[in-house]
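What follows is chain A paired twice: with chain B in the first complex and chain C in the second.
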Partner chain A sequence: MNSERRRELLFNLLLNGAAPLIAILIAFAIGGLVITFLGTNPFAFFSKMLDLNFGSMRGVSQMIYRATPYFFTAMALSFAFKAGLFNIGAEGQMFIGGLALAWVGFTFTWLPFPILFVLCLVAGFLGGALWGAIPGYLKVKRGAHEVITTIMMNFIAVAMVQYIVQNHFMDPDWGIPHTPSVAKGAYAPSLSAIIPWFPQGTRANIMFLVAIILAGLTLVLLQRTKLGYEIRATGLNPSSAEYAGINISSRTVMTMAISGGFAGMATANFVLGPGSHYFLKSEYGGIGFSGIAVGLLGRNNPLGVILAAVLFGFLENGALGVQLYFPNVPRQIVEIMQAIILITLVIVLELARKFLKRLQKRG
Partner chain B sequence: MEQDNHLQADPLIRMKGITKRFPGVLANDSVDFSVGEGEIHALVGENGAGKTTLMKILYGIYSKDSGRIYFEDELVNIEDPKAASELGIGMVHQHFMLVPPLSVVDNITLGSEIANRGILDREEGKKRIKELANDIGFDIDPEATVADLSVGVRQRIEILKVLFREAEVLILDEPTAVLTPQEVESLYNILNNLQEQGKTIIFITHKLNEVMDLADRVTVMRDGKEVGTKEIQKTSKNELANMMVGREVLLRVEKEKAERGEELIRAKNLTVTNDKGVNIVEDISFSIREGEVFGVAGVQGNGQTELIEALTGIDDFSSGTVEVNGSNITDADGQELREEGIGHIPEDRLDRGMITEFTVTENFVLGYHTFERYSSRLFLKLKEMDRHAEEAVEEFDIKTPSVKTLGESLSGGNQQKLIVARELSQQPKLLVAAQPTRGIDVGAIEFVHERLMKERARGKGLLLVSSELDEIMSLSDRIAVMYEGEFTAVFDSDETTKEELGVYMTGSQRQDTEEVRRKALGKVSLTE
Partner chain C sequence: MNSNRFLTISLVFVLSLILSVGLFVNCFAQEEGETYRIGLVFDVGGKGDKSFNDSAYRGLEWSKNGSDEFEGFEALPINFTSIEPGSGGAGREDAMRMMASQGFDLVIGVGFLFSDSARSLAEEFSNINFAVVDYTPGGEEIPSNLRGLSFPEQQGSFLVGALAAMKTKTNKVGFVGGMKIPLIKKFEAGFKSGVWYVDPDLEISTKYVGTTGEAFANPAKGKEIAKAMYGDDVDVIYHAAGLSGSGVIEAAAETGNYAIGVDSDQDYMAPGHVLTSMLKRVDVAVYKTVRDVVNGEFEGGVDMQFGLAEDGVGYAIDVFNRVEEFPEQVEQLQNEGTVTLPALGETQISPKRIDQLPTENLLTDSMVARANELKRQIIEGQFTVPADPSNVTPEDPVQR
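Take a look at the complex of A and B:
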């Protein structure tokens, strides 16, 4: 019994741990090659990147700040995946949720911290949840595939948010369209305010801790609650879930709503965190889509998703800083590497599965 | 070990001391197996006894850990299926390996195409296929598309595929598992014809009737070991069953006298209409009392599935009423029905009955997870769940390393036991059991039957739907025959025979509609 259990664990580790690691290594190798062709020493480049991220607590703090929103959009993908749904609409859900939380933040200005801050998060969640629930409802009622509808809802969300911000909330004097600033009661405390030894003056804020807490809560929800049991049953075998008297339709809509809710909180890191304190649409484009890669890399496991988000934060933060030292390497190298990670991950996972099958055959 | 060594002085294939270990399982433990030229040799054993593993080693799909294989007295190394083919060994798998959109000839020649200077010679292929088919007694259209063909015909294509590669030894893995009784009959003919042509046939099965009908010799395996090889004339079904299970097995079910009590369920004029407006279930009425088993016999696909799914809340009736203990439950959903005390063993354990990626515990509460003993308003009571699952594993003798093991690692028989355990542990008043023993082995069948009869003796009601007439006959008190969505006959089980039921099942005869209704509703209805 024990040896079997151990073997099972080992297989899991190999599939969920080693495969992403190999994919990351390959991505760095190919990224290194590209950098070499650009006439830069890849080792110097990557070690500078490492230094910028991990060389100081300040670097770590910046990395965390960049990583936080990815966690939320990645969780949107991963959570839906647990119910067998592909939510590709984190981008749109993020925008709707972002506008909602900003609106609460600059509208109910008289509310004190932490009431307003929490209300903002709730609004972000609800905004994203609404945007996620619509494709869920369409799937249940009309059989529309959620991949198609969530993608299309992205365009609607982007255009709608753009329109609302420009025509209703924007001061004509501002150069770039953004909302008014949120009230002080909505500010997300910086990590240095909570953790004494954390460096002052960086943007890392409480949203990173919120992410970790949510990851834990999600695990509890999925493994220990009735709802989580039903969501997993629906995802793994809808036909058996139906047999068990589980209302698949309601579970599908609910899963899409929770999934969208995660994405809806993604921009809280920017809007409520230290910085400009307003919703600046042009800053956030792509975070929803990158979340797909982060979710896959994290193997749809909340803790894995945190690690994957940190890796993306590492790359992004490193790219921003490293430009100063290696001006002939464009920051897009990071996007190339993110893409390579995704592609190699898919390949490596497939190979790992084949390898495991062979192992099983051999015994 | 019981061995009739004198039988084949010069066997065609000898496997000596074959051992194969899988993670956590010793699938083959030093197995000896030999087959003589031109014989039909049955390989029997319960699920997980190691039959298929042994044959996959012979066919080169699995590599053995140790042991030797002799072919015509020569030590051979069968590394892969290609090596097996070269020796003239072919295998017909349980799950067909065909390309449905392609034609018969393309499927059969795939990988061994006949070509003339690089140009495919389909005509030659078609000719040879027709010849091969005629030789073993059937006709086939080589241009037919496989997707349009029945399971029975597809199996013939698989056999032709093997013959096309000039196999002299054919291994068939549970060839009858997917066939209708008529198709089984023609498979018998084909196999007998093949034997006449001098082919050697090994077939894996756990159906003892087939062994007695078809085989010359039989080898029994149990728990990865070979427990004996017998000549068919010198053995019996009972002996083989005992060898398979390792103890005395009751092939007939002991039916105790059960007191018939109050009426449990009364269903009237049930109709299920599909989305094309066709009545799949039409005007069915019946009642079941405490301590009574109401069997529904019929060829699969005559509306049994739809009746059960509507009855258990998965689907809806288009008209009719169902009353349980006097309360109307026609439109109740699955949860409400379970609370009402109606359990359901679904006909398809993998598609309905369980979730293979769930643990034993999680599967054990499937459908009952909302019950107070397994969850509070929000949270699952994981400890309680585990405890109950452990008790059930113990009581129902489910072979699993632990309750945290995934359902997919259980053998088919143990998966079915898990489902039966789940439904019976909830103490239902009425149990709807569809094909409760499909695809499981003798030992598990006996166990399930015993448990069901125990429930009957305790005064529970049972609606049993099965396409196995033996099962229907031996468990039921009353039997209804379902044909094209209707009950066409109802009998007391001691007043009818398998043959009679068979006649009604084909639809060539039916009883008077009013009489059927009256008998299905039982004596209670006479007072109305």
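Take a look at the complex of A and C:
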């Protein structure tokens, strides 16, 4: 029993810890090869990337800043996955939630700091939750597959948000389709206000800490509460969950709502964080879709998702900077590497599973 | 245990790779030269828009290599790099911030969308110089290390409007704008003013492509609008629509009418069908700003105007609209089958093989003479061209 349990732990560690690492290394190796073919030293290239991200607190800050929204959209995928649902709608849920939180921020301007800030997050959560609950409801009541409905809801959300901002909130003389700015009470303080190592005006803000706290809470919710148990049971085997008396319809809708709620808070990093304090749709496109990749890479574990998000922040921030030093390497190389990471991850997972099974057989 | 060994081996493998990458960090530290480092971040549309962005890039090329198009534009001791933000402009501010944090001497943002970001960045990086093309102050004070580069586009648009009025045979001309914002309204105001200054009886039809930034990147829509206008008896259309404008020029070639290009010299895009181009010399403004930084004369805190007097705006005269003035290029066409266009820096997509040049001048001597006379009057301040189209009427096209 004891050795059985140890073996299982090891199995999980290898599968969920080592496999992503190996996938990342293979991606870097392939990326390095391509860079070599382009006539650039890959070690110089990647070490510059390291330097741009970890060489200064400013670099660290930018990496975190870019990573933060990915955590939220990736959690949208991962959380739904726990109940066996595939939520591809983080993009749309992010836009609806983003507009909602910005609206609260520039409407209830008289509220003081922590109150308005928290209200904005709640609004973002509720906006995303609403947009996520609809596909959940359609699945339960009409049997519409959530992959199809969430994808379609993305298009509706993008067009609707664009329409609302342009026709109701945009300043026509200014011409950029963004909402009015949120009030001071909604600002998410920069990390430099809390952690003195960060230079003044750092963009990375407490939304990153909110992400870490939410990751912990999610773990507790899933592992230590009745609701979490029911959600996991629904995901593992819906029929036996139902037989055991779990209302899987209500759990499905609730899971989709919480999942969408995560995505709904993704743009708080930009709207409430330091910088321009308005909602500008064109700045956020794609964060929801990339979240799918981040969630898969994080193996649907909240802590893994944080690491995966930071890796994506690392790659994107680095990609921006290496353009300055290696102009003959196209910036798309990093997007290619992100894709390779995912493909190799799938392959490595499969291989590792086979390898471990063989080991188990041999005893 | 077997699986233990597998774990150990893979851990050692991973750690050694991380270490070796880490060791290389120091080996490839960049050496700083005596040269100035200039960074540029493109707008939506990016490099290769044959217009606004390319013009800015050309300014950097001139800074590095010099140019004989203007007097005194010598090569400067600089290195430059550029960044294209992702689609939709995401990461615009991050790109500028990256350059600033890498200690660039000057960071240039191309487009009014950079105004907000540049203002806050300039405050954060007080030892770095910033410049924004088409800067929009938004009523706020400009930091002392930020310079706005602005162009009284209405002045250049006035001249091409005057030329359009002299050229039209149907007594109907048109204007196609990108996005209906104050910046583009300046083009509209200048054009109308120029047309009616020459002939108050002319009819002008006006259309905008859209209401978002995408309106500057939709050639299909531009073409559709232009075709409708040409179908309605308009014979000269001036576009201020970025990449969408290439659709306007295509429509002119297909229907046998005239278009007027914008920002860069676009006359080559449909030889014989582009009457002229309103030049917005972003290249001149960028070059002059780089030169100021190199000479230690950079002054910020201002929204600097580059008008007719500063060669910041104007209109194109080249082999495509004044063929008789450029016999060398005609000869080159006969011998080699293509025409070299020296003014279009190396970022330009090379023009299609041009088999044919117009056989006669699209702009006659008298038209050019009249336009130059108007230019002189504006520079001398005999009248001012309004920047807001609602101030332009056929009876009262300019302010005296």
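Following the convention adopted for this analysis, the second predicted complex is superposed on the first by the 361 of 363 C-alpha atoms of A that agree within 3 Å, B and C clash if a C-alpha of one lies under 4 Å from a C-alpha of the other, contacts with A are read in each partner's own complex, and residues count from 1 in each chain.
Just so we're on the same page, a residue touches a chain if its C-beta (ideal position, glycine included) is under 8 Å from a C-beta of that chain, and two chains touch if they have at least 3 such contacts.
Keep in mind that what you see is a predicted model, and the values were worked out from it rather than measured.
Three-chain overlay on chain A, with chain B and chain C fitting side by side and no clash.
With both structures placed on the common chain, the touch criterion links A:H168 to neither chain B nor chain C.
Comparing chain C and chain B on the residues of chain A they touch gives the larger count to C.
Touch criterion met: A:A233 reaches chain B, while chain C stays clear of it. Contact with chain C, but none with chain B, is seen for A:Q200 once the two complexes are overlaid on the shared chain. By the touch criterion defined above, A:E242 reaches chain B but does not reach chain C.
Look at A:R142: by the touch rule set out above, it reaches neither chain B nor chain C. By the touch criterion stated above, A:R224 is placed in contact with chain B alone, chain C being left untouched. For the pair chain B and chain C, the model built by superposing on chain A gives 10 Å as the shortest CA-CA distance. The contact surfaces that chain B and chain C form on chain A in the two complexes overlap at residues 7, 362. In the complex of the two chains, the chain A residues touching chain B come out as 1, 3-5, 7, 224-227, 229-230, 232-233, 236-237, 239-245, 247, 360-363. Within the complex formed with chain C, the residues of chain A that make contact are 7, 10-11, 13-14, 18, 21-22, 25, 41, 43-44, 46-48, 50-52, 56, 58-59, 62, 65-66, 162, 166, 173-177, 200-201, 203, 275-276, 282-286, 316-317, 320-321, 323-325, 327, 331, 355-356, 359, 362.
Partner chain A is touched in their complex by these residues of chain C: 2-4, 6-7, 10-11, 13-14, 17, 21-22, 24-25, 27-28, 30, 39, 81, 83-84, 86-95, 97-99, 101-102, 112-113, 116-117, 120, 123-124, 136, 138, 179-183, 211-213. Contact residues of chain B toward chain A in the complex are 20-24, 27, 61-63, 65, 312-314, 333-338, 344, 346, 351-358, 362, 366-367, 369-370, 375, 378-380, 382, 401-402, 404.
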